[in-house]
């Protein structure tokens, strides 16, 4: 997926990070908050206000809610004399924390024309100044420091949602708005041939065990028994997906889960989201990107698939989706091998400008694990053995969503690089297509 | 209805109208277009972009669509060398004219963040300059002149919709935005006592017969037979409506049309739209206005009723709604009597700043016929005998909506004064409440 | 419309009516109740229980509700010592009378598998025996006699609904059930040529003024002013409607009301309800009747149109729909002329077995006014001037439905002959197609 | 759950099973088919025809579809000269087998009043006779024999659905129909105290490995790693669930999955399905059973819970739901222990008449594993490692539903006894409540 090329470097890039970036919470705070602002920089007040669909949120809401998170969980309890920017924001920008109180209805986020974008930016500045004051005076309790940490990762999650929700919005506009122009043209080339890597059966550990930050749903680290399996060396490409389409993929119920077939029929799915045949030219597939319309590139990772489509494609290919445990075992092994992963994802502070790794440096191991596209697994999103949500509001962060969703692994071109890790569990409902979601095949070992 | 008090005069009022205002099409064009801009002046780009509900449209869409009307029906056919501002606008801002071609989906008008408000203003200026060029060079054909004329009345209709649609939008915002502050406090006072005026049976003419502009649906002038009837000297007040509510008006199905009762139950109607009891204080009714929340004033005309509520109220009052023919006969007689109507409505160029007529100068005849609130009649909206829609696109203006709607007469505080006349037929579906719609009682003569 | 041919005489016909049938309430009661039973005779318990759609009711419900009407409004108040058949039936078979109390939900009428059909018949017999006891002992108050009278007309309305609702049910069954076989083949022939009859302008009386029964909504008799008009000598035929279809009637929005066009697109209307092209044979239109599938006969009156289709067809034909006043004036004149109307409708006690009047005896005046098809007018259903609903439960019979419906006049092949009169006002929503509804054209006089 | 007491033995019980019942396919075929008929015996044609809701099917449809299964998969391919009972049944009674062809719409199954119940019984007899002819002549291929076998298990699944779907239907009838009267009164008594049984961590095998029949989704047998866990000795009781309710269980979002909370609010859930407080008597909970209304018995297993409610209850109880692997490991151990399970479920040929085992003979091990209620696990329904759907139509039996459903284990009072086994995987969507579904707690070992 080289949607990444649609992004130019910022006109005024954020200040370079200091050497102490990873250890200095204040510096990281500054960098990450600035990245969010940089993402919104090309957008008009109108762009930032509208909600493309009930599943998506306006950019302005993302800007405000991430600030609300720091205000509610860090400043109000931790900074003596802090005064809330606006008393009504407590409800207005609460996403889903029942323990904090009432929430503005999710599907009405797009009706909030006030506060304006300018006021929302002032809200951010108000929170930033107070937070930095708190950080810089030192002596932060461990609990508050943990909230700042999770707030930064939370902010990065919303950075990705800003990009995906905006793409959904612009796609509904017949004028075809461009977010940022593409940076150069990808080098012509084909994807490397699909290979398989084998892993042997065994009782294997998965899940986070530190050091470093992880969300509560990434643990506890625990043992699973896996049969021997093989996993593809790269994600499936648009070219391979076109073969599936040409072979009647969208017309053959035997390839689909029953529910998926029903949704595909009801919604008239004929191709990935954002793909369209040019009028009167069958098979001439173009796709809408944040840099505008362009032809589908057979070498890029296929993207914007629902779980149902990923699953049908895998069945058509004589393979299956990996479980999340298989994926994590494979990715961890790859990282330990020392091979350098060259993904396309959101750098802190800017989009990565390089050509896609898959074309430039075909890996001998597993490539494109991180960046490019989120990879649908076959694993429903449930708590790990022994999982218990944290006490307090953070207990609502992940645990209460553990039903009727599927885990995706890896990370996309819109995921911040520092936000990625092998244990990360992303999750979406089976019909979701507006995320940068693709597929990596797996199969039982022969 | 003294919502009018919510409006301040413009900081920079539009230029005074010349003495030739009624005869000079160019001057009227300038004035009316400026009034539209003045209405949008207090609004942010965000406010102008969002669609409160499928029935309403964004202010930006109103600004663009009214310009599209002049461009499509006057400039493209009538101004040699005119080049359209943007080729995609032909579809994007077409409301419902099948004869012009395809239309952007009505319920997606709120997703169009581009063009921006600034670009939309530029579109208006582009059209204004070209239209004035056309008008000023003279020699306009009668047909084109007629299109300019209807375009101005069309623009005035959208001026009212800007106000009503904005009110619907701000009402969904928990921050309670204020459009324009109220101008002073209404003089304390009571509504004049309700009187009745009698009209005798006969074959009577109604409908427009010129001179002056009227929409096609106001004619042909034709004869109707009316039994003797009486009509109330003023609209029903909020105080009278509170009596209806206190008497169980919303709990007694025998007062309601069956379909109305069903809607009232399904939607939980307990009071007019925009009324709310303050938390924990039963009967302490407040209402949201464009100047913010304020207590309901028993002396003002009750407003924001659906047809069902107006009908139930009339039945409760031992009366009925007037037919549109009765209303027009009564209003025409009133106008001929020479009594000066003091309504509260939108002046060309500014809101009327005076206190409500009903309080200041109780009429001996019928008062508040025009301005204040649109008055629901009992007449379904159908074509008059002999009515035929005009040829061409204007045939789609009114005729194709003549089903399942009810006629309202008079005009509201949001209706431009020069847009009002006794033959004017407004129409909305029976459940609509977001217009400034009230009720004047009638009854069979004893 | 010769759907009438689908009905055979009953195997065991009801007893011949006595000479005193029109004056003897008990005899009429017996005859009409037996006709209802005869209509249900070919139906299985299963057929009688299921609800084809929310707008329709099961036959069993019709059988029970008509008995409930006599029980509730005549027997309980009027027959000393009468005991209700089942206490729960008071709610279960109350259609919409709030003054009687709660009602079982309309859309769940089809879930009531108990009482069984046999029990429902026992309920009818229980009510019949008691009612006849009451009638035969004499001394009935005028008020109760009036309730018996309205109960009989009410029963006849449900006789028609049994037929239309059953047709809707059988149409959803791929096995194509036959209700009763057709009786012979219609004589081959063409419809008589379409003529026009002119009526002159004037203030004319319409509405019922007795003697004889009428529903409250047929009065008061009152004056209307009509312009001169012409009305077609017969309903439009299927052949004429096929011309409309062949001329793009369903593809040309300019022929349609906006709301009708929307419904036609949303529901995929391409022909009248119950018409279908045989697979792979374009233009080979067949229709489902209660006697099974048969080819569309161009000579018969077109049927199962919505108001929107009738209106679009009239516009295409360069004509319009008549107002209900025009229709009544024309029909009254026709009846006074002494010409014998030969309609196809439901005789008391059996379906009329004759061939359609339109083919056998082309009238010199207006033909097929009664029977064949209900004729859509252009008149919304509202109360006549001076109309007041009766006191008590009967006030809910008609008045509360006077909104968002259109008047139909005449009567269909499923309407009992003795139920028909020139002042009768039938009414349905604009999208309804499952009634036997057609169209007679009108136009302004030249 | 002693719903079982609601059933009386059949007036004319099916013939006793021969000693060879397990080996003689023909005898088993006869017995199982007769059991189905016996289940429908108390029902009227009306009862058998109506569809309570889109998720449920009419009894008549179950009677026909199970016959269709044998006809389509055994008789047509296997019995020379067999002629289908009715050509249209191929589509009409196809549930979801795309490989067989088109299907009648699921939500319209209740509109099929023809074939009648009598004709449907004739269809069954036609199929039975032919199938027995085929079986008795011997020489059945292994493939056909396998289809007969799966057809019998399929029939047993539909036996349970007949009961659950009928309960859903009768519950909508205000007359409160009784299916079969209860047999005696349960012995007064309390549930045994809740105990916990511990299982140690390890790599453990689960899944079917024969001998005997199992569905494809019960295999392949495979290894899983389990942490040490404890599982409750019996299902949760109605009394325990009442404590949850009294403690605000339905008012505390922190106990619920977010999606479950949303559904509970939207649907107004306040108690298990079929529970109702008697009017005006708070806390006086009654429940509708197939033997009519009766008070909730605190000792019985709580039933008719959605997954969301089971999950919230477990969280409230400081426990969790078991995984399906934990459940199977525990159940298998219990069976191997030789303790005799005394469940309440559907005997082949009749309901079990005994009082509930939990009251009569409290087990020292795990009790009520089979019969009484299906037990929600926490495991989403996915294929086991190495699972591949069978070739052909049977491949559509289970595999294509492996998404967005949750596994239930055990079996209910409506499950045929011979249909139950420890590896059986039942599955329903998270919001389903009309099955006999309850909850057994589990927890991590201390």
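Chains here go by letter, A, B, C and D, matching the order in which they are written, and residues are numbered from 1 within each.
Everything below uses one rule, namely that a residue touches a chain if its C-beta (ideal position, glycine included) is under 8 Å from a C-beta of that chain, and two chains touch if they have at least 3 such contacts.
Worth saying up front: this structure is predicted, and the values here are computed from it rather than measured.
Undergrad: Going only through chains that touch each other, how many steps at minimum separate chain A from chain C?
TA: Step count on the best path from chain A to chain C: 2.
Undergrad: Find the pair in A-D, B-C or A-B that has over half of its contact pairs, by residue number, in common with C-D.
TA: Answer for C-D: the repeating interface is A-B.
Undergrad: List the centre-to-centre spacing of chain A and chain B in whole Å, with centres computed as mean CA coordinates.
TA: Using C-alpha averages as centres, the distance is 47 Å.
Undergrad: Suppose each chain is reduced to the average of its Cα coordinates; what separation in Å results between chain B and chain D?
TA: One centre to the other, that is 61 Å.
Undergrad: Centroid from C-alpha atoms only, then distance chain A to chain D, rounded to Å. What do you get?
TA: 40
Undergrad: Quick one: which residues in chain B touch 2 or more of the other chains?
TA: Within chain B, no residue contacts more than one other chain.
Undergrad: Once bound in the complex, which stretches of chain A touch chain B?
TA: Counting only chain A, the residues touching chain B are 44-50, 52, 60, 88, 91-92, 104, 108, 110-117, 169, 172-175, 177.
Undergrad: Residues of chain C touching chain B in their complex?
TA: It comes out as residues 96, 98-99, 203, 222-225, 227, 253-254, 256-261, 307-308, 311, 378-380, 382, 385-386, 395-396, 400-404, 430, 444.
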